[in-house]
Amino acid sequence: MSALLETRGLVAHYGDFQALFGIDADVHEGERVALIGSNGAGKSTFLTSIAGMRRSAKESIVFDGAPIGALDAADVAALGIALVPEGRRLFPSLSVEENLAMGAFNRRKGPWNLENVYSLFPALREKRRAPATSLSGGQQQMVAIGRALMANPRLLMCDEISLGLSPAVVKEVYAALGVVCSEHGVSAIVVEQDIELARTMSDRAYCFTHGFVSLSGTSTDLTREAISAAYFGV
Amino acid sequence: MNWLDTVIQGTLLGGLYALFAMGLAVIYGVMKQINIAHGDFIVLAAYLALGIVAATGLHPFLVIPLAIVVFGFFGYAVQRTILNRTIGGDILPPLVVTYGLSIVIENALQQTQSADPRSIKLGALETASVPLGGGLAVGVFPLVMLVTAIVVAIVLEIVFNRTRLGMAFRAVSDDREIASIMGVRDKRLFGYATAISFAVIAIAGVFMGIKFTFTPSLGPNFLLYAFEAVVIGGMGSFWGTLAGGIVLGIAQAIGFALNPGWGILAGHLVFLAVLLVRPTGIFARTA
Amino acid sequence: MTAASPRVERYSTGGRVGLVLAAALVLALLSGPFWLPSDAMRLVVQFACLLAMSQMWNLLVGYGGLVSIGQQAYIGIGGYALFVLANQLGLNPFVSVPIAGVVAALFALPTSRVVFRLSGGYFAVATWVVAEVYRLLVANISALGSGAGVSLTAMLAYDKGTRESITFWLAVVLLIVTTGGVYWLLRSPLGLALTAMRDSDIAAESQGVAVGRIKLLVYVLAAFGTGCAGALYFMNALRISPDAAFGMDWIPLLFFTVIIGGIGTIEGPIVGTLLYFTLRQVFGDYGAWYLIALGVVAIVVMIRFPRGIYGELAVRFGWRFFPIQRILREPK
C-alpha cells in the first residue's frame, strides 16, 4: 500500500543552522503517527516544512503521489493538509467563530462544519462571538484544533496540542482525534512530549534527535527504554 | 471670526481628509505598511479625472465610477508588480520604494502636465449652498464630500467586518503565515487591499480636484494629512479614521481663520499633541 | 589539554589599507585651499556636507533601525542656528558651526519624546511631520526672514579667500568627525549593542542592552552631526530659506547616497555620495527626467540589490575597509 504522505531526504535550514538532515518518513491513510523528541530535535520544523510554511526540494515531500515540496502554503492547504501550529497562533482580531471559519477558507468538502466542531467542543459554542484570545488556554487549544478540522483535512498535523491542558482535557482531545481518524479515515501526525501518551494514541512513532530520525516503529513494539534512549540521543 | 461657521466648514473639509485617510488606513490595516506615494496617487487621480472630463465632457460626479474602476485595477497592478516585492519584516523597503514612486509620479506629472495650477470645474453646484439659519450656510459640494466619506466608512466597515474577504484581510494582518496555511493567497489578497485603497483614492482625487486648485507637487501634503487623520483617529475602525479626518479639518480651519499662514501648521500641531497625550488615537478601541 | 584561547581579530588587511588611504586623503584635502580653484572647493564642501548627512542617516537607519524621513529638520535647525548665532548674536560664524550642531541636538531631545511614541513606518512619517512643523514655524517668523529666507551677512567681515579656506577646512573636519566618529562608535561596545539591535530589538533587550536609551542616544547624535552639516552647507551657500533648509528634496538624496551606496556600511555612503555627485555633474541639467531616473533607480536597487553597490561588492570580494566586526580566529 502506498503512503498518503512520504518524505524522502527532507532537509531544512534556518540561515546557517541546519534543522533537518534528510528525514525519510511515511504516513498511511487513516494512520496516526507520533513524533517524539526533545526540544530542538526538528519536529516542528518537519511539520512546517510539510505545511509549506518553508520551501523544500520539490521531490522531498510527496502527498498522494504528487510532489509538493515546492508548493506555496496555500496550495498545500488546498490538498487537504492542515496544521494545528505550535503555540496555537489564533487570530487575535477574529472571534472564535471567525477563527473556525478561517479554517474552512478553502471550502473543501467533508464532514466538518461549525455545527460538528461545536458538538465536539461544546464549550466553544457559547463563546463563539468572543475574541479568540480572550478564552482560557484549553479553550484556545480547542479553537486551534477546530480550525484545523474545519479544513476537512486528509492529513491533520498537531504540534503539542496537550501543552498547557489539564489531563482530563488532554484525554478528551485525543479521544476526539481517535474518532476523527478512525471514522473519517483522516491521517494524523502528532507531536507529543508525553511519551506514554504518544505511544497509546498512535499506530506508529518516529523519534527525532538533532534533526535525524533516531528510531521508528510500531508504537506497540517500541519500548519505553528504547524511546528514552533515542530521546536523549545516547 | 465666527466660531460655529469655522467648525462647520472644518467638519466638511474633514470629510475630504477622511477620504484621503481611509485609503491609507486600508493598506496599513492589512499590510502594516505606509504608502508614501499615497498623496501623489490622489493627485494623479485628479489629473486622470480632469483628462476624462476634458475628453468626454461628462459631469465630474459621473467620472467618479469610471475613476474608481480604473484606479482599482491600477492599484491591484501596482501591488502585484511592485509593492508585493517589498513585503517582509523589514520596514525600509516599502518606505523607500513608495517614496521612489512618489518622486516618479510627481516629476512625471510635472513633465507631462506642467506645474500650472489646475482644477476640475463643477459649474453651478460649486457655489450652491444650503442655508442653516442664523446667517450660516453650508455648501452643497462640501456636504456631498462629507456624506460620501460617511458612506465610504460604512462600506469599508461592512467589507472588513462582515465579509469573507474582510475576515481574510484581518487574519492576514494578524498572522500572515498561519493565514496562508488556511489557504489564503496573501499576495493576491494584498492586491485586493490596494485595489480597495486606490478605489477610495480615486474618489478622494476627484473631490480634491474640485475643492482645490492643484499642482503635481501637492502629493506629500496630502499624504501627511491622511497619515495625521489615521493616527488622530486611532487604528482599528474606519469610524475612527473618519473622526480623525474631521478633527484635522476643524484644526486646520481654526488655524486658517486665525492666520492664513497657520492652517496647515495647526493641523500638524494637533496631530503632535494627540501623539503626546494619547498615542493610540482619540477614538481608538480600547481592547 | 590546554588550548590557547582564540584571538579576537578587529583589523583586517583591508582595514589597514582603509586607514592609510583615509589619512592620505585627509592630508591631501587639508592642503586644498592652496591649490584648488574656488568652485572646486565649494563642490568639496557640498560633498563633505552631504556625506556627513549620509553617514548620520546611515547611523540612524542602517544601525539604529530608526527609519527617519525627517532629518531635514536638523539640517534646517543647524542652518538657521548658524544664521541666528552669527548674524543676530554676533558670534564668530565658524565657531558657530559646532554650536549649531548642539542646538540641533537640543531640539532632538523634546522631538524624540513625540516621535518615539510611534514605531516603524509611523515613526518615519511622524518625523516628516515634525520637519514640516519646523519649516512652517520658521516661515512664519519674520525675524528669520519668513518664507523668503536670509543671507549670512556675518560673512562679509571676512575676505573671500579666508572665508573659503576656513569653510573648506571645517568641511574636512566635519568629514573626519562624522565618518571617523561613526567608525569609532561602531567599534566601541556601543557598536556591538547597535549591531545586536539591528538584528533584533527584543533579543538585544534580553541580553541587557538598554534599547530605548541607545536609540535616543543615536537619534541625538545623528541630529548633532546633521545639524553641523546643515550649518556648514548653508555657510557655503551664504543664504538660507525654509524651503531649502527644511525641504523634501533632502530625503531622496539620502536614499540615493545611503541605500544605493550600501546601507549599514561606512563605505556605502561614501560610494553613494561620490556616485551622486558624478551623476549630478553629468545629468543634472535634465531636471525632472533626472529625478524620475533617480526614483526608478532607488526602487530597483531596494528591490533587487538591497545591500547597495558597496554591499554587493563587499560580499562578492570580501572587502572590509572600515572593519567593525570582531572575528574569532583559532590559534595556530
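Going in written order, the chains are labelled A, B and C, and every chain counts its residues from 1.
FYI, contacts are C-beta pairs under 8 Å (C-beta built on N, C-alpha and C of every residue); 3 or more make two chains touch, one makes a residue touch a chain.
Being a predicted model, the structure only gives us computed values, none of them experimental.
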For this session: State the pair of chains with the top count of C-beta pairs in contact.
Result: B-C
Seminar exercise, completed: Chain centre (avg CA) closest to assembly CA average -> B
Exercise. Roughly how far is chain A from chain B, going centre to centre by Cα mean, in whole Å?
Worked result: 44
Problem set entry | Averaged-CA centre spacing for the pair chain C and chain B, given as whole angstrom | 33
Exercise. Using mean CA coordinates as chain centres, what's the chain A-chain C distance in Å?
Worked result: 51
Exercise. What residues on chain B touch chain C, complex-wise?
Worked result: 28, 32-34, 36, 82, 85-86, 91-97, 99-104, 107-108, 110-111, 220, 223-224, 227-228, 231, 259, 261-262, 264-265, 268-269, 271-272, 275-276, 279
Seminar exercise, completed: Per the touch rule above, chain B residues touching chain A in the complex are 164, 167-168, 170-171, 173-175, 177-186, 287
Seminar exercise, completed: Seen from chain C, its contact residues with chain B in the complex are 61, 67, 69, 113-115, 117-118, 120-122, 124-126, 128-130, 132-133, 136-137, 139-140, 248, 251-252, 255, 259, 263, 288-289, 291-292, 294-296, 298-299, 302-303, 306
Exercise. Once bound in the complex, which stretches of chain A touch chain B?
Worked result: 51-53, 72-74, 76-78, 82-83, 85, 89, 91-94, 98, 101-103, 105-106, 131, 147, 151
